[in-house]
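Please see the structure below; I have some questions.
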Amino acid sequence: MIKKIFVALAIFGLFSIFLPIMINFDFHQNLSELSTQYVKGSVEDLNSQNVVTSVIVTYRGLDTLGEVTVLFLATAGIGFLLKKRKGKKRVASELLQTSSSFLSVVIIMFGIFIFSHGHLTPGGGFQGGVMIASAFLLLMLSDVNLELNHTILQFIESLSGAFYVVVGLIGLVLTIGFLNSKIIPLGEYGNLFSAGAIPLIYSFVGLKVGSELTNILDAMGGD
Amino acid sequence: MISTIIIILGIIMIVAGIIAVHLKNLLAAIIVSGAISLLASIIYLILGSPDVAMTEASIGAGLTTIVFLFALNKARKEDKND
Amino acid sequence: MIFALILGFALLLIGIYGMLSQRNLIKIVISFSIADTGTHIIIVAIGYLRGRTAPILDKAIDIANATHKVVDPIPSALVLTAIVIGLAVTALMLSFIIELYKKKKSLSIDDYQELKW
Amino acid sequence: MPLLGSIITLIGSIFLFLGALGIFRMPDVYNRMQAGTKATTLGTILFLLGISFGHAECGCLGKIVILILFVIFTNPVSSNALARAAHFAGIKLTKRSVKDDLGNDNLENKGGEK
Amino acid sequence: MSKIKSTLIGIVLLFTIWILLAGNSQQELLFGGITVILLTLLFQKKFLVLEDIKLNPKSISYMVIFFFVFLWELFKANIDVAKRVISPKLPINPGIVKVKTKLKSPLGRAFLANSITLTPGTLTVEMKDEYFYIHWIDVKVDDIEGATKSIVSNFEKYLEVIFG
Amino acid sequence: MDSLIYNIAAIIAVISIVLTFVRMILGPTVADRIVALDGMTIIAISLIVYIAYFSNRIIYLDVAIVYALMSFIGVIAVARYLERGI
């Protein structure tokens, strides 16, 4: 009983804090100065159509490196906690087995499309990585005896992580700053091979996120 | 027009949230919370951030649901073994 | 967009209520993910500007005048990474729950009171 | 041309509505799935085609075609997997059913554990 | 030999999807070509289901005919569903029946099951050897032969030519 | 004229989402709820395409494709969980 009163009090307190924020909130009419700089710089400086991508990859690139590291640590923790065991499962239906074998390759190709076009369309490394992981998930769901090759997965993961850092360091060597995307010629606005190193960096992020999430799913789902 | 869509979807999401918190069946609660994420991605799209909409549709609706299912499955298997 | 702001706050409150009142561990994690979604909607709704469109500058919008046509890109960039980290955190919480379940065969939070003070 | 597209879209949305009504009204899982799968598939196809007819100038038919093919291929697969799972999980058919050959042949005990 | 054929068909299909997705500028074609070829080499085992497609003039013309037959059946199915859903008494008489098929190749069976699901009043529930278990919303005949004739035969004669 | 008809179509789609949602919260078994979720996501794809054309940004179509894909995989996962396959 006391617990319920306490919960109700807490919810009411939070509500009375939020209410004035909600009522008195005035929406901006214009972009803030920083955002204006980002939008302008993305067109004039980086040749990237998608401003969100240029914020994530270039202007806040160090943050993204941190995020990827956090993801890696979480994966390591999950793999450390959960050990694999064998169990009996029901075989998937024949229709699912047949259709998933071709569909999974199409999904992987779509993931590659998403992370290589991160500077032109919505999406990027994180979403493309999730697509690749979900293709492997579909294979896991349709085939009960599937064994993923962990050596190749860890190889891809560590290699793409290392290349990500190396691309950043090249900018440092050329003395234009860590993770600067101008180490490669900028190209023509709106083409696939444009925006400097942004597609390259996002592809590495995509491969790394994809292999890490596949590891998480394998550790949690595998038997 | 757009605000009509956002109001109706918002009401659905709030009702779904209350129900997901109160459902006794864990699997049903997971499915309803997956529906919240799917509708949230339409809201993000209306608010003009397709990147976030794509991330929410792929992670919030797809992978989070599946991770919950795997956890439930492990608990179910523990039950049966001993 | 005031409606989206209200929706976000409502989902946040529902999530916090669920976390405080439910006794089942998996229910608490579900409430956590609902509160997560609510927070993300609030942050994106703050960045919205009336009558503007997504910050992707292709042929559909006038590039010379772009700063008057697009919404704020910074909240989108923040939320995008937050969602990915949210998945990793949820998976980590669930794997702890599985380990706890192996020890005591119970999902209720009342059975785990060794460290209660 | 825009008028034709909008009318096709309207027909598609009516089929979507009928599918939703079928999901709402039918008595058991399998009948709901019947209504849901067929009506939503044709409804989505017509809706997408109508919208792309009405806005022919943007030249984005490719993605619409991909989306339609995707819906045609995946929708029956998911409803097949779901129907099979529902039957194996022991969900009964409605009382108005006349026969159940799959239940009689008793495949459940051969496939997985008990 | 069959491996080469299925890989080639896979490359053509994937490349068509890429062009539909990304458009046909020169850089997209270059990058897409490299991606598609790498993917098909990596996942060659997954394409083995495609080897059953027969490539002769007769089967290609049957593919086109099958496509239109399928669309017509889909349309009829929707009219059927609409009639059942709208009428206040819900005129249904459901049950799960067993039918027999002659098709052997996995892809042909998958196409047959999908077509059955999308045509009037039927839904594939399980496929086991040569029998399909089908949920029928309005059971008219009771024995296997009658059900086979009224559900499967319409598509089977096309699919037999296309996939063998 | 035609934009009015498009808007009516979108409103009908939203009403269909509400109907499937009612089935989702009523549904006596879990399978009913997941059938309702399946229908809801397919209707939502149409709604996303409508929003894409309404706000004149065809690049939103990528979101619709991702949405279709992930909802398919989610439904398959729940089905395999129900038949004890994962």
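By letter and in written order, the chains are A, B, C, D, E and F; residue numbering begins at 1 in each of them.
Here, a contact is a pair of C-beta atoms (placed from the backbone, for glycine too) under 8 Å apart; a residue touches a chain by one contact, two chains touch by 3 or more.
Small disclaimer: the values here were computed from a predicted structure and weren't measured.
Path length between chain C and chain E in the touching-chain graph (shortest route): 2.
Of all chains in the assembly, those touching chain B and also chain D are A, F. Using the contact threshold fixed earlier, the set of chains in contact with both chain A and chain D is E, F. Among the remaining chains, the Cα-based centre furthest from that of chain A is the centre of E.
Taking D-E and B-F together, the pair of chains sharing more C-beta contacts is D-E. Compared with chain C, the chain whose C-alpha mean position is the greatest distance off is E. Look at where the CA atoms of chain B average out and do the same for chain C: the two points lie 11 Å apart. Mean C-alpha position of chain C lies 21 Å from that of chain F.
Between chain A and chain F, the centres computed from C-alpha atoms are 24 Å apart. Note on chain placement: the centre of chain A and the centre of chain C lie 16 Å apart, centres being C-alpha means. For chain E, the set of residues touching two or more other chains reads 17, 21, 113-114, 124, 126.
The residues of chain F that reach two or more other chains are 10, 17, 34, 57-60, 62-63, 65-66, 69-70, 73, 76-78, 80, 83-86, listed in rising order. Contacts with at least two other chains are made by residues 50, 52, 82, 89-93, 95-96, 99, 110, 114, 121-123, 126-127, 131, 134, 137, 213, 216, 220-221 of chain A.
Applying the touch criterion to all chain pairs gives A-B, A-C, A-D, A-E, A-F, B-C, B-F, C-F, D-E, D-F.
Residues 2-3, 5-7, 9-10, 12-14, 16-17, 19-21, 23-24, 29, 32-33, 36, 40-41, 43-44, 47-48, 50-51, 54-55, 58, 60, 63-64, 66-67, 70-71, 74-75, 77-79, 81-82, 84-86, 88-89, 91, 112-113 of chain D are the ones that touch chain F when the two sit in their complex. If you check the complex, the residues on chain F that touch chain A are 59-60, 62-63, 65-66, 69-70, 73, 76-77, 80, 83-86.
Those residues of chain A that touch chain C in the shared complex are 4, 7, 10-11, 14-15, 18, 22, 25, 27-32, 34-36, 38-40, 42-43, 49-52, 55-56, 60, 63-64, 67, 70-71, 74-75, 77-78, 81-82, 120-122, 126, 190, 209, 213, 216, 219-220.
Chain E contributes residues 10, 14, 17-18, 21-22, 25, 27-28, 31, 35-36, 39-40, 43, 46-50, 106-107, 109-110, 113-114, 124, 126-127 to its touches with chain A in the complex.
Residues 50, 52-53, 82, 87, 114, 122-124, 126-127, 130-131, 133-134, 137, 213, 216-217, 220-221 of chain A are the ones that touch chain B when the two sit in their complex.
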